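There are two complexes below, and they share chain A, which is joined by chain B in the first and by chain C in the second.
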Partner chain A sequence: MPKHDTPMIDELESGPWPSFVTDLKRQAEKSPQCWDILGKMELSFRDRITHWKHGGIVGVFGYGGGIVGRYSDVPEQYPGVAHFHTVRLNQPSSKFYTTEKLRQVCDLWEKRGSGMTNMHGSTGDLVLLGTTTDQLEPLFYDLTHDLNWDLGGSGSNLRTPSCCLGKARCEYSCIDTQALCHHLTMHYQDEIHRPAFPYKFKFKFSGCPNDCVAAIARSDFAVIGTWRDDIRIDQSQVKGYLNGDYAPNAGAHSGRDWGKFDIEKEVLDLCPTGCMRMNGEELQIDNSNCTRCMHCINVMPRALRPGLEQGATICVGAKAPILDGAQFATMTIPFLKVDPDNEFEEVVEVIEKIWDWWMEVGKNRERVGETIMRIGLPTFLKVMEVDVLPQHIKEPRSNPYVFWGEDEVEGGWDRSVVEFRKRHAQ
Partner chain B sequence: MGYDPENPMADRITDIGPPHFEQMFPPVVKNNYGKWLYHEILEPGVLMHKSETGDECYTVRVGAARLISVEHIRELCDVADAHCDGHLRWTTRNNVEFMVDAKAKVQPLMDDLKSRGNKFPIGGTGAGVTNIVHTQGWMHCHTPATDASGVVKAVMDELFDYFTSMTLPAQVRIALACCLNMCGAVHASDIAILGVHRKPPMIDYDQISAVCEIPLAVSACPLGAIRPAKGTNSAGEEVKAVAVKNERCMFCGNCYTMCPAMPLADPDGDGIAILVGGKVSNSKSMPKFSKLVIPFLPNTPPRWPETVSAIKNILEVYAKNARKYERVGEWAERIGWEKFFEITGIPFTIKSIDDYRLAYDTWRTTTQFKFTSHIK
Partner chain C sequence: MALSKEELKAAILDKAINAPKPQLYVKDFYACDPDSKPRAVKNAANELVKEGKMSFWSSGSTTMYAAKGRAKDEENR
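Showing the complex of A and B:
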């Protein structure tokens, strides 16, 4: 495959940030179709428009997801990328790798595809970017037989679940995000690989309310670690912060001189509920008024830790704006046990309640958050069989249009207008 | 052995899922799983996690393009083999982390990374700008209104010093989505770069009967701007097609997703909108959506100078004015959006006033406001 003149994208080889153009040229020495990627990219830069056709259904036998078809609209000019399908590999939970395993993926992809990847796709998959239809089955065979590895999701199915790094290397995590993510990924292989839902459905698992995988913004089913007892305080370490022995916020602000650490200004005054006070050098927290936002813990990680009665808050229905506007996930279950020892049965039960309802009432291409919007949170809460709580709302409704049920009203709805008129002239 | 096209179902293995995460852990992570006590950022890009066992895990974080080659991954593996016993990980924001179990191993690792040109910039921690999460753009997507990798490279080149330092009031999360589908979910980012269309779809009468189900195309429009209508193809034949009420179109592109015969991308129509003030974390304030402050900037490859300077301006005004710990959205809300527009010098336009669903939630229904220069 010949090299193309690429003066525009060549300009992206300069500058301090790593250059994907330089990287593509490096790979092109081994995978000549990368010259056509570069040429076609240059064409898009020149024309200021994409040169990929709409759609193209490809896949491997028995799966309805995991591979996204892509064809060029200028196939003769750049034959090396005429077909450029994407293969989604389900990433190991929280994206730790051994070099041995990664090198196997590299070798496989150099043999079966373009050699270019996304580490990672927005949902979390390890994305292999660009191959031809005839390579898909052989690739899948090698992937499952030699690498013991499977595809992720695409289409109207359960998308590849993802999680934060949790207990692997974070002191805040209140749930075992990896174990939960891996267990549910294995439990729902059928739902990941064979689309049967109204639309896509995403699981994301964050260990604490800092929510490093953006579960509350991006997932239909968000499991976010929390606790329901008291924040653990080590008063001697509080003194350490007061004395300036430790950098606040784990040193995250050390690039600028913000002055001496001021616990009033930096912690107490920024607490959203004002539930903290200093009694001399002792930090006191009114835990009954704490909403577990994490700010104080983030600022003083050596002194404060989440409580010990740990579990998760379940929020449902987040999505990006298409179509009715963006939605954050709605808090549905305040506190749920997340227990690896019973194979997370409490979590599974909640998921299946949502699916049973959504698969029945959800419209084609309607995310569950939109279904809840259309039908109403009260109905959804009834379906979920959860206690109705003030925690479900930011404030009570300000309109009076309550959907009373007939059985809630004394005497029901059957009345005689004739009897009514006897007492009330028209 | 291997795949046999004559017998495709032979020895088929399915539904085995991903490799188990535990196989991938470095020993220091495996031994201290769930035992971490606290962490500290020792310098930009370098973290130390302390375990109750006394163990310490040192992490060096480096930036990477999201679009990377297997040759690049192999070089990352070389580094991990030389210093980290063959282990590494990726973050949710396309950064790569190398972990070692002793402080003495940090400097040789960093020296190695720095010796490899600009491939592995160390940073992306704390109160700085970390890596941009983004979508495919012109590299691989069929619906984009802008590129992704190119814009990100241009922006990160300009903001590079904020990646390698921690001088901002708080962390700043930047994200890019190349169309309104928002595969990049930029709706909750401090600064969001969003590809937008501005021309209604064209109708390809030669293709529409073959590639579209007309009712699906009609129902795809959230504003009811599409109706079934007859059209004439280039052979002069009447075909079943659709008609679009252009003045009702909000350029979301959902019709094109459902019907390939309704393309709307255009070199002049497409470009970038900038949204700011979103956040995901529950820390201090509740999660917030990003808000549209610049409705349109043109697509100007290869380096998108208008977009780059708009972002740099917002970032620097924020850096100068916000209080410690204050995210972009928290700062804008404290000073008021009228002040935000005034001090950033971003012209306020009618395009920032919502007229879509639930729009009323964003209108001001109080006499409380600030007399900024907008009021003549």
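Showing the complex of A and C:
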């Protein structure tokens, strides 16, 4: 495949950052179709329109996800990328793998595809970019038989579950995110590999409210570790911070001199609910008003730790801005037990309730967060059998949380307004 | 009463073959048997794909179903 003239694409190499264009040119020495990617991209820049067509019927036998068909609308001009399908591999929980395993994936991809990868895609998968239809089944065979690796989710499937580093690396983690992620990945193999829903559905698991996988912003079903007793305080270590024995934020901001640590300014005044105060040299926290923002714990990790009664908060319905704009997940269940000993029964029960409802009432191509927004949070909470809490309310004065049922109102919903108006002036 | 699995599969396939639109969402098949649970409908549709009587069509973000030969096939256009 010939090298194309790409003046606009070449411009992207001139910035101070590493450029994917440079990467593509390097890869083109081994995989000449990369010259065609650059040429086709140059054409798209010039025409101000994509030259990829939308979707296709490609896949591997028995699977309805994991492969995304991509075809060019200018195949004669750039034959190297006439078909350029994407393959998604299910990443291991927390993305722990050996370099040996990565080399095997890369070697296989150079044999069966373009050699180009995207590690990692937004859902966490290892994304292998660019292969032809005839290579899909051989690739899948090698992947599953030689590498013991499976495809991830795509389309209207459960997408590849993703989690933070959890207890493997992080002292804040209140739940074993890896165990939960792995268990649900295995439990819902059918939903990952075959379409099941009106649209995509994503699980993400964070060990603490720092939410390192951004579950609250990116997943339909976010499990975020939390605690329901009191933040553990070691007053002697609080004094250590006050005396300057330890760097705040575990030294994360030590690049310049910020002056002496000021607990009022750097911790107490920044508490979103103002639930902390100093009584002499003793730090006091009104735990009933703590919103689990994690700021104080992040600043003084030696002195403050999450409580011991640990579990997770379940938030539902985040999504990116395709339709009504981006939305965060809504806190649905403030505290749920996350217990590996009973195979995370409580979490599974919540998931299935959401799915049963959404599969029934969700419209085509409607994320669960959009369904909740369309039908209303009170109905969703009723389906979830959750009592309404003040924390579910966005604007207390315009968004009440006391709702009357038809059976609680005299005459139900069918009462005569005319009769009512005879007794009550408008 | 809900249809048996085989009856449901036959109804889904009939709809996939005769619907004016060549590609349908899984929800479009719910009407084949209002008494069947959505999960049973999707399992039946997926089984038809496994048997080679229907195929998936995916944009990457959404998946649709089509009777064999009715899906938009970029490869053979």
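We take it that the second predicted complex is superposed on the first by the 384 of 426 C-alpha atoms of A that agree within 3 Å, B and C clash if a C-alpha of one lies under 4 Å from a C-alpha of the other, contacts with A are read in each partner's own complex, and residues count from 1 in each chain.
One rule holds in what follows: a contact is a pair of C-beta atoms (placed from the backbone, for glycine too) under 8 Å apart; a residue touches a chain by one contact, two chains touch by 3 or more.
Fair warning: this is a prediction, and the values are worked out from it, not measured in the lab.
Touch criterion met: A:G62 reaches chain B and chain C at once.
Using the contact criterion defined above for the overlaid structures, shared-chain residue A:S154 touches chain C, although it does not reach chain B. Looking at the shared chain after the overlay, A:H83 reaches chain C, while chain B stays out of its contact range. Touch criterion met: A:N118 reaches chain B, while chain C stays clear of it. Of the two partner chains, chain B is the only one touched by A:I49; chain C is not. Using the contact criterion defined above for the overlaid structures, shared-chain residue A:F335 touches neither chain B nor chain C, since it reaches no partner. Counting contacts as defined above, chain A residues 53-55, 62, 86 meet chain B in one complex and chain C in the other.
Those residues of chain A lying in contact with chain C across their complex are 53-59, 62, 64-65, 68-69, 71, 83, 86, 133, 154-157, 194-200, 356, 359-360, 362-365. Against chain A, the residues of chain C that register as touching in their complex are 25-28, 37-39, 42, 46, 49-50, 55-63, 66, 71-75.
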